[in-house]
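Shared between the two complexes below is subunit A, which pairs with subunit B and subunit C, respectively.
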Partner chain A sequence: MTSKKSAVTGKAIRRRSVLAGGAAVAAAVPLRFAAGQGKTLKIGLNVPRSGIQANFGQDSVRGVELALEVLAGKGYPKVEIVHVDNETKVDVGRAQAEKLIDQGCTMIIGCYDSGITSAVAQVCEQKSIPLVVNVAAAPQITDGRFKTVFRNFPTGPMIASDAFLLQKEVYEIAGKAPKSAVMLHANDTFGTSQKDASVRLIGNFGMPYKFEDVISYDPATRDLSAEVRKAKATNAELVWIITRLNDAIMIVQEMVKQRWVPMGIVSTGPGPYDDPFLKQLGKLSDDIINMVPWFDPNKAMSKAMIAAWSKKFPDRTLNTSVSHSFEATLIALDAYKRAGTSEPAKLIEALRKTNIADNVTVGPAITFDDKGQNTKTRNSAIQNRGGKLVSVAPKQAAVTKPIWPMRAWNARG
Partner chain B sequence: MDTVTIINALVSGLLTGLVYGLSALGLSVIFGVIRIVNFAHGELMVLGMFMALLLFRWFGLDPLMAVPIGAAVLFAIGYALQHFVVRRVSYLPDHMQFLLLAGIAIMLVSGCLVIFGPDAQGVQLDYALDSFAIGNLIIDKVRLYAAIAAVAVASALLAFFKYSSTGRAIRACADNYLGAKVVGLNVDRLYALTFGIGAACIGAAGCIILLLVQVHPYLAPAYTLLAFVVVIVGGMGSLFGALLGGMLIGVSEELASVVLQPSMKTAFSFALLIVVLLLRPQGLLGRVAR
Partner chain C sequence: MNDLTPFGRAALLAFAALLLAVPWIASGYVLSVSIICLYLAYMGQAWNLMLGFAGLLSIGHALFVGLGAYTSGYLFTKLGVPPAVGVVAAVAVAMAMGSIIGYLGFRFAIGGVYFALLTIAFSEFVRILLDHAKFLGGTEGMFLPVSQESRRGVDLVNLRGSTEMYYYVILALAAGAFLMCRALLNGRVGYYWRAIRDNPEAAEAVGVDIFRFRMYAVLLSSGMAGVAGVFYAFYYNNLFPEQVLGIERSIEVTLAPIVGGVGTLFGPIFGAFILTPMGELLTEAVEGFKQSGLIAKNVKTDGVKLMFWGLAVALIVLLKPKGLWPWVCERLRLVKPPGQRG
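And now, the complex of A and B:
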């Protein structure tokens, strides 16, 4: 018999004891998982609550919490949400996903940022845990490499395609179209994938303009004066921005300082529709048109969401981060309800069969293709008006006509 | 690229560069006299920015008007830091001193995170979006005011070192440590004073920079790095060198942005740093160490 003295206790450690201990540990691991599977579903919410995207992450949390309240009254099961902060960092997002799974979460919702979502998708794939994406547009997330990812958010090419169609509609209504354009985009995963898609697809839509220049910048930059100066030098009539929040504010501030009034500004990213943008810039935030994933205010579930939001957050604007996190929660709860268990494999199976007609976003019922992408979700054109966001296209979702061209900075009352 | 855009970029780069220069002056002063590389430079500047932010929020004080207060408070912090902490490790090898200051930097960032949170915060001034137009030349009012304030602070500092007896005594310590001791100068006190003056410069720069940039605790390392680039290009320990380095970096970043690609601007300033290190390691106005 082989035995050694323990350095701590001085007692003999026998091979049989080691084997017995190992067997006990091995037995305990599946028991721990099995225990988690029979109980209430624990969902890990992995979004940025600090860092440059903190504002969007906090809105995502509000969207999830709102959904839990609204859906509780509609017969959906109760779940436990475990909150983590990915700090707008890819490595932290990945580590937090592993931590959530270790804590017994058998589903994850997140992660707002495309780069972080890609990293978390890898973790979820390795551990066979479903990831329901609330917001993230990089196409590679649902290009078929992940079998456990489900995204109810349009990809960069889908957003770009819709943006071209919506712009054509806006120009037709206004009777005036730009003949030249310049693009300013954040050079992160989201911004670059959006830019690539827009530049690649413009030829397919017969747009009245071409891009004079495409200018990339670091979204965490301290100053965007040079970027705006370079864009201004193109004399472009249309300014197309793909931003986060602070950079969106800086771009408009610099345009005002440099006295540049183009025909209009369109955005296919977050930022210009967010509360801090509207509040900080006031009337200067007006007239920008956001071609973004949005909710359909005419749907019954949207009305319930809007009513609950207005009651809970009367001073805040309901935006994409909220609506798509609300809907990600709806998808998660719907799958849990149909699966009847928190076992990940059964949840994944249920997610694949998703078909939710009573939803909030623009488009038909939520379904996923074999790559986990909802290919039928659509965007809207939302214009900033006096601190409010109004839908101006597509026609079926429009509540008013667009203001186009935009008004001069000093002619806004 | 048309001439008007280039001229506008040059002017903007020059104004921004003056503010960069002021922010690096503090680093240069401390290194030039005490021979300590202040790794907590950016963190002290962020402290100055938060102080200006609080003064704006509580009393509506314009950050430019907060410069004397920010400088005075940072002077006191810098003086105490040298007198009670840094002085006690001055006999240790350089890397130990670096670690001490890096530790202080981490503590400052953590403290700011606890008190102010991680999000970017700024001031909203009536003139924040105004600009002057001279023909096709458009000058950002805030940037111009910030540059004027930077020049005023830098001039006061240069005058202090040139004309005041304390300033001359500090320069004597920098030139010949042993000689200064022999003639009876209180070197420990003068070193603490120097650290205080360097920190006051950083505090003043923090107040001024708040006009241009929103503050958050994670901003600090970027400013430490920027100050290092500026003083290495201008010449470590040279006050004029810091200003010159700031202007060069400011102008080169702006020109790289408009002529090349804006995302290249940081790479361009580091390329400039590498060229200077290869061709003139002591910096443009620095002296060769003997």
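And now, the complex of A and C:
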């Protein structure tokens, strides 16, 4: 028998001991989880809790937990949520979906990112497990490839189209429309795709303006003075920004510095509705209009969601990730309630017949077409007002009229 | 096999048998994690071929994976070319890019860290290019068609089938890469590469064409990565430039060889099978501690796996700079001492 003295303990390390140790570790790893369909529905929540999209994933978790609290008081059945972190990676997201199914989850909610959602949808399809998408906009997810996917989030083209429709509504209410526009967009994946869709679709909506210039920039830049100066030189009345957070702050700061007050600023990206933007810019953050998938604050369920959110997270703003994860949970629990079982086939059947009028997002009752897409869900135009976000369009989801044109930087009380 | 001790031989056979049996004994999750391990083992070997054998540091290997993935994906979706044929084009495109980088690097004597920067620059350049390449889906991604029927059975020509089929495909690739690297390392090319790695001036002085043999290393490595790209495209069925070519993808490829042992044959495989499962086990353990109350439930533990990876790499660089595999080999006497080898 081969043995060697350990430098640390002085005891003999034997191959047999190493093998025994290895076997003990191996025994601790469950090779096959007990896949079960117990009485209580186990829902797997597959979102990015770390990685580049971690903050959105964390908000998604908050949305799901909030929904469980609110819906428990409204007669919805209890469920168990199993959390996994897809790390904002396609391969990890796919493996974690397998893990959830192995652990007995018969429904999955996720996955924030379109690529990950698509990979997880394949696993769900193979295993005949329903996937309720909370946030993901790629149209291919509900193009008919998957029979077990249900999405309440608008597709990319729906978001882009709605941005024009909502603007027209805002201009009509305000009685003033811009005649020229300039776009400033981050040249990352999100910014470029949003820019492409907007530039491509503008001709379809008879907008009162055309783009004088489309200016791209690196979202990691530390200075946007040249880009803002270039945009200002166009004399455009409308500034359309597609940003992340820091660049959104820099653009507004530069506009203030360069004393540029256009008719208004609209945004179709994150940043201007994020807490740090509102807090750092204070009253300078006011009057910007964001066109995003949002909730309808006039609906009864939304009021319950807002009340619970304000109590639980008084310092945080309720955003898209929260509201759409809340609603994904509502859809899941509603299907479970009607199916009366955690059996996936019956849950899928129930999801197909979804018809929820008492919901939170903008639009009529939640229903899915034969491809699993809610084609009737709409976006909102939300305006920054004194550190709060208020809905100004569409009409049925508005709580007040828009301030348009925007006020001068030094005329904000 | 001749270099292995009887115990080493038995361990290798047991490992091979375990790998072959995984789809029969493991759950879907373990199977998926095993696929990730094997993918990283395969890619680790491709990367190791450049740094470990020929002394060329690349931090842009995701570039070659991306080119292979997009080439085969485009040929399949737009022209109906099956991946069994498309792989040839994927390898050709990846090797063409490798030859451009290699030529620029070696002709203009860009070495060491500067060569690594060159690989990053090309990787980022192609990623941004793909962001704007509408015919490849651009930022909105390329989605490969996949039907319910295609997820059953085995269709190797179209690389369509069950998860088990993908497992055996990547297992075959990883095993093939190992055998190829072994043959290369023990052949004339391997000796030239090591000579160039250890002392390029001396190698050149004794007549080794260092430009040619460095180019061989880059071409082989990029070609191998191109094949991995085909696997990636058809396994995940969607491609986004940031997901496939992001800098973190290139860094991820380097971790397994660093942990296992740069320049060793089995190190990249060993590293991949240490890092990934350990990361998963750690996540499980932390969740378990939270459930049992050992860690408060409101303590945020997300990303613990990534922290572990960072810590593991730092510790290995500090304590075992040659990697874990040589140390394990010595401790368990898996390989015969140099004097006793045949």
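Everything below uses one rule, namely that the second predicted complex is superposed on the first by the 264 of 413 C-alpha atoms of A that agree within 3 Å, B and C clash if a C-alpha of one lies under 4 Å from a C-alpha of the other, contacts with A are read in each partner's own complex, and residues count from 1 in each chain.
To be clear about the criterion, a residue touches a chain if its C-beta (ideal position, glycine included) is under 8 Å from a C-beta of that chain, and two chains touch if they have at least 3 such contacts.
Worth saying up front: this structure is predicted, and the values here are computed from it rather than measured.
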Next on the checklist: Contact-wise, after the overlay, does A:A408 reach subunit B, subunit C, both or neither (first, second, both, neither)?
Outcome noted: neither
Checklist entry - Now for A:E98: first (subunit B), second (subunit C), both, or neither, which partner does it touch? => result second
Item to check | Comparing the two partners subunit B and subunit C, which touches a greater set of residues in subunit A | outcome: C
Checklist entry - Touching A:D196 in the superposition: subunit B (first), subunit C (second), both, neither? => result second
Item to check | Touched partner set for A:K230, first subunit B, second subunit C, both or neither | outcome: first
Checklist entry - So, A:A357: does it touch subunit B (first), subunit C (second), both, or neither? => result neither
Item to check | Partner chain(s) touched by A:A307 [first = subunit B, second = subunit C, both, neither] | outcome: neither
Checklist entry - If you stack the two complexes on chain A, which partner ends up touching A:A72: first (subunit B), second (subunit C), both, or neither? => result neither
Checklist entry - After superposition on the shared chain, which partner residues are touched by A:Q253: those of subunit B (first), subunit C (second), both, or neither? => result first
Next on the checklist: In the overlaid three-chain picture, which partner chain does A:S50 touch, first (subunit B) or second (subunit C), both, or neither?
Outcome noted: both
Checklist entry - Can you pull the subunit A residues that subunit B and subunit C both touch? => result 50-51, 54, 87, 187
Item to check | Residues of subunit B that touch subunit A when the two form their complex | outcome: 1-2, 5, 8-9, 12-13, 16, 117-120, 124, 128-131, 133, 138, 140-141, 143, 212-214, 218-219, 222, 253-254, 257-258, 261-263, 265-266
Checklist outcome for this item: Counting only contacts in the complex, subunit A reaches subunit C at residues 2, 4, 13, 15, 18, 29-33, 35, 49-51, 54, 58, 85, 87, 89-92, 94-96, 98-99, 101-102, 114-115, 118-119, 122-123, 125-127, 138, 140, 145, 147, 156, 187-190, 192-193, 196
Checklist entry - Can you list the residues on subunit A that touch subunit B in the complex? => result 50-52, 54-55, 87, 187, 215-218, 222-227, 229-230, 232-233, 246, 253, 256-259, 280, 284
Item to check | Footprint of subunit A on subunit C - complex, ascending | outcome: 7, 25-33, 35-36, 39, 128, 131-132, 134, 138-141, 143, 145-148, 151, 162-163, 236-243, 277, 281, 283, 302-303, 305-306, 331-333
